[in-house]
Amino acid sequence: MEFFQAIFNMSAASFAQHMVNGISLGSLYAMIAIGYTMVYGILLMINFAHGDIVMMACYFAFFGITVFQIPWYLTFVGVIIATALLGVVIERTAYRPLRDAPKNSVLISAIGASFLLENLANYLFSGRPLRFPNIELLSQNIAIAGVQVQAISLVIPVVTMLCLVVLLHIVNHTKIGMSMRAVSKDYEIARVMGINIDNVISITFAIGSILAAIGAIMWGIRYPGITPLLGVMPGLKCFIAAVIGGIGNIKGAVLGGFILGLGEILIVAFFPQLSGYRDAFAFIVLIIILFYKPTGLLGEKTTEKV
Amino acid sequence: MTILRTDGITMRFGGVVAVNNLQIEINEHEIVALIGPNGAGKTTAFNMITGVYTPTSGNVIYTDAAGNDVQITGKKPSAIAKLGIARTFQNIRLFKELSVYENVMIAKHLHLKSDFMSAALHLPHYNAEQRQAEAEVEELLKKVNLWDLREEKAFSLPYGQQRHLEIVRALATKPKLLLLDEPAAGMNPKETDELTEFISQIRDEYNLTIFMIEHHMDLVMGISDRIYVLDFGQTIASGTPLEIQNNERVIAAYLGVEEDA
Amino acid sequence: MANKKNLILTILLLIGCFALAWYVNFETDSYIRRVVNLCMVYAIIGLSMNLTNGFTGQFSLGQAGFMAIGAYVVGIFTVPVALRPAVFYAAPMNPLIADIYMPLWLALIVGGLLAALVAFLIGTPVLRLRGDYLAVATLGFSEIIRIVITNAQTITNGALGIKDIPPLNDVRYIFVFTAVIFIFITALINSSYGRAFKAIREDEIAAEAMGIDLFKHKCLAFMISAFFAGIGGGLYGALLGTVDPKNFLFTLTYNFLLIIVLGGMGSITGSMIGAVLVTAGLEFLRVFDEPLDLFGMAIPLFRPGFRMVIFSVLLMVLVLFWRHGIMGTREFTWDKFIAFCKNPFGFFGRKGARKA
């Protein structure tokens, strides 16, 4: 009842405002969740460092624009390249040597990589929050039909959709995409079939990191505080988004991202008294969805070979 | 008297029908073999009986120690093991990093009545249970000449002994029905003969019923009371070894390619 | 006979350790006392984490959260009733608990039980799923616990934290807890339940086929682990004399992860060794850093964090190049120790020869 009352009490304009916020947060989650789902689909591991890659990308952008005074559009290209490299380097140093090791060892290595990035950022860039460079064009407020929104909030969903279209094209209609699907279906058979597994994995990490970088830039413009632990909560939530969408499934990750982003914003909008518990929302959704559909919303049922 | 009956069990994976409408009946104290070419759905049938998979349709009915018919379809593997069905696996699944002794002791856990507090505090009634389990495990390990190797890690045993250890581990759960998934896989003729001997020996000694998947025809024909033949998920024949050997369909589907099995 | 000898040696060792604890308690300065106390608390929590992660093979990262529960129960109930209005100056304490006082030992046990209850609530949905989801769910939970603590102002005093917890710095008190927990976990691991846990770690499908109810045993291990982490957290809170949500960041859990990886996942004595080395190591690494408050627990947010960089590099190097750690899944035994003492040089060679 309270819920409906809350809806009735809300004006159309503020409802639209919340929807825009929710969709843009959902898009950001989706961008990051794709990286988790692709890596899990192929290596069956949680890339714990993915959230911290987002954090590093924010620092890269800060240094490019604020410290080195490079024009923002050039910086963004540089950030994307640097982040992709970072992702590939992490894979090569922290995960590749453990390809045949027990799963828990890889998980520990991933945690180590994540913790190292956090501590490095803290050490190199200080723990003090920095401000993401202000880009007037994207951060200005614009009014549409009486609703005030930041330009970036409209840009985010558009960029996300573009990225998704390109990504799905790569995965479904290119040779490398086919290799990726083959590796994620059956690692051993793909290897026997002559697919260069290491290459496929590197490219997967590069793609995931590129999306993370684009997401990070948009994140930074939308939520400008940068700290070394900035990637942790979004990272956890985005992994959860990937799980509730069905791990390994790109569209599922996007769906999961939107569910969490919209849900989080709307809960806080309708129940301001719960705003302190906002970060708990994702975990509750995780538990509820997995309880009813353990493979996630769009996940296929897999059976272990006995 | 029947101990296990499958009532038209079917297993579909996506569009693939791995096992179709399987009807099997196993009587107490029998040795029944399930044969068929690779990919015929034999292991899938085992997995449905032991609860690893839940059949898409159909029922598995087991007659428990008290003589009651129990529907075990879709029960947890651990619950089915407790009812008295034990199994081995096609690709040996020992607890590799644990000792031979621990491997078999683990199988005694399901009979343990003490809770974890009494176990951790080693209270007298827990100790009594353990002493009995230890005695039984010692007897079993001595039977397969693994007692002297009890401190070795399971993975360090030679292949043939790993197979024996897996069977002994299953026996330690005190089953009424023992499912063996290709017990002689990878064994040479001499080892296969020993195994044949061993299987009939444990059947008599522990009053077991045995249901096994096997490719070695000497073994199958030598000790089976009855045989079911599976091909493409369907039962294509069943009967005594003699009947099966002379069955046209079986020869066409299976025995004809026996050379490379 | 051999068993009796080993038992006597173990009892002698425990008495020796207790005598050492006594000595440390009265004859050393407060810094040494603090490090020794911390070392023992870390050992308790390392052991608790090893029970799930090392022995049962379920990767949980919730230790900081369970510690927070234990520490807050100690914080809330052991502060003398008279001092509470001063501690809860921003918002008065909820009248339901405002007058409840517990001695430390009782608060520790209540905290442990509460942590176990919470573990049950998280474990019920999550432990049925693929193993590695547990890592994310528990990590998330340990952050949520902090959120809850921060928001439950009238119970936990929110972000202000609880001060004036009667300080605990009796080394002997913590030693007794550590010894009892060590003995309990050793006995549990060497019981039928311990073997069932290890079976689950080795092969879940085979364990299930042997009649081990996976969910029940995973949940049991997880709850026992949480119980001891709660007690460890309670001791930690009492040691600090003050608790606040920032003490229990998820990164605190990584200390224990390092302990069990270094000592060996699946080795009780390994965890003890790991706890000593990591605690001492963290103290030693302080050289690379500016002094921190709170014994270097909190992330050095406003300080050069070189120490933690080294810490995380160590964790990675360890798992990349030496993933079995010091003990692997082996345990310290008197027989091996005596063999080592008799022939220190031949010891490793002989073992290698036996393996071949």
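Read from first to last, the chains carry the letters A, B and C; within each, the first residue is number 1.
Criterion: a residue touches a chain if its C-beta (ideal position, glycine included) is under 8 Å from a C-beta of that chain, and two chains touch if they have at least 3 such contacts.
Keep in mind it's a predicted model, so treat the numbers as computed, not measured.
**Q** Name the chain with the Cα centroid closest to the overall protein Cα centroid.
**A** When every chain is reduced to its C-alpha mean, the one closest to the whole-protein mean is C.
**Q** Work out the mean Cα position per chain and let me know which chain is farthest from chain A.
**A** Looking at centroid distances, B is the chain farthest away.
**Q** Can you work out the whole-Å distance between the CA centroids of chain A and chain C?
**A** The computed centroid separation for chain A versus chain C comes out at 32 Å.
**Q** So the centre of each chain is just the mean of its C-alpha atoms; given that, what is the distance between chain A and chain B in Å?
**A** So the centroids are 47 Å from each other.
**Q** Quick check: how many Å separate the C-alpha centres of chain B and chain C?
**A** 42
**Q** Among all residues of chain C, which ones touch two or more of the remaining chains?
**A** Each of 205 in chain C touches at least two other chains.
**Q** What positions in chain A touch 2 or more of the other chains?
**A** Within chain A, the residues that touch at least two other chains are 306.
**Q** Pull out every residue in chain B that's touching 2 or more other chains.
**A** Residues 52, 89 of chain B each touch two or more of the other chains.
**Q** Okay, in this complex, where on chain C does chain B touch?
**A** Residues of chain C touching chain B: 184, 187-188, 191-193, 195-196, 198-199, 202-203, 205-214, 220, 224, 329.
**Q** Report the residues of chain C in contact with chain A in the complex, numbered from low to high.
**A** 53, 57, 59, 61, 125-126, 128-129, 131-133, 135-137, 139-141, 143-144, 147-148, 150-151, 205, 250-251, 254, 257, 261, 265, 299-306, 308-309, 311-313, 315-316, 319-320, 323
**Q** What does chain A use to touch chain C in their complex?
**A** Residues 45-46, 94, 97-98, 101, 103-105, 107-109, 111-113, 115-116, 118-120, 122-123, 126-128, 229, 232-233, 236, 239-240, 243, 276-277, 279-280, 282-283, 286-287, 290-291, 294, 304, 306 of chain A touch chain C in their complex.
**Q** So in the complex, which bits of chain B are touching chain C?
**A** For this pair, the touching residues of chain B are 50-52, 76-79, 81-82, 86-87, 89, 93-98, 102, 105-110, 112, 114, 116, 119-122, 126, 130, 133, 169-170, 173.
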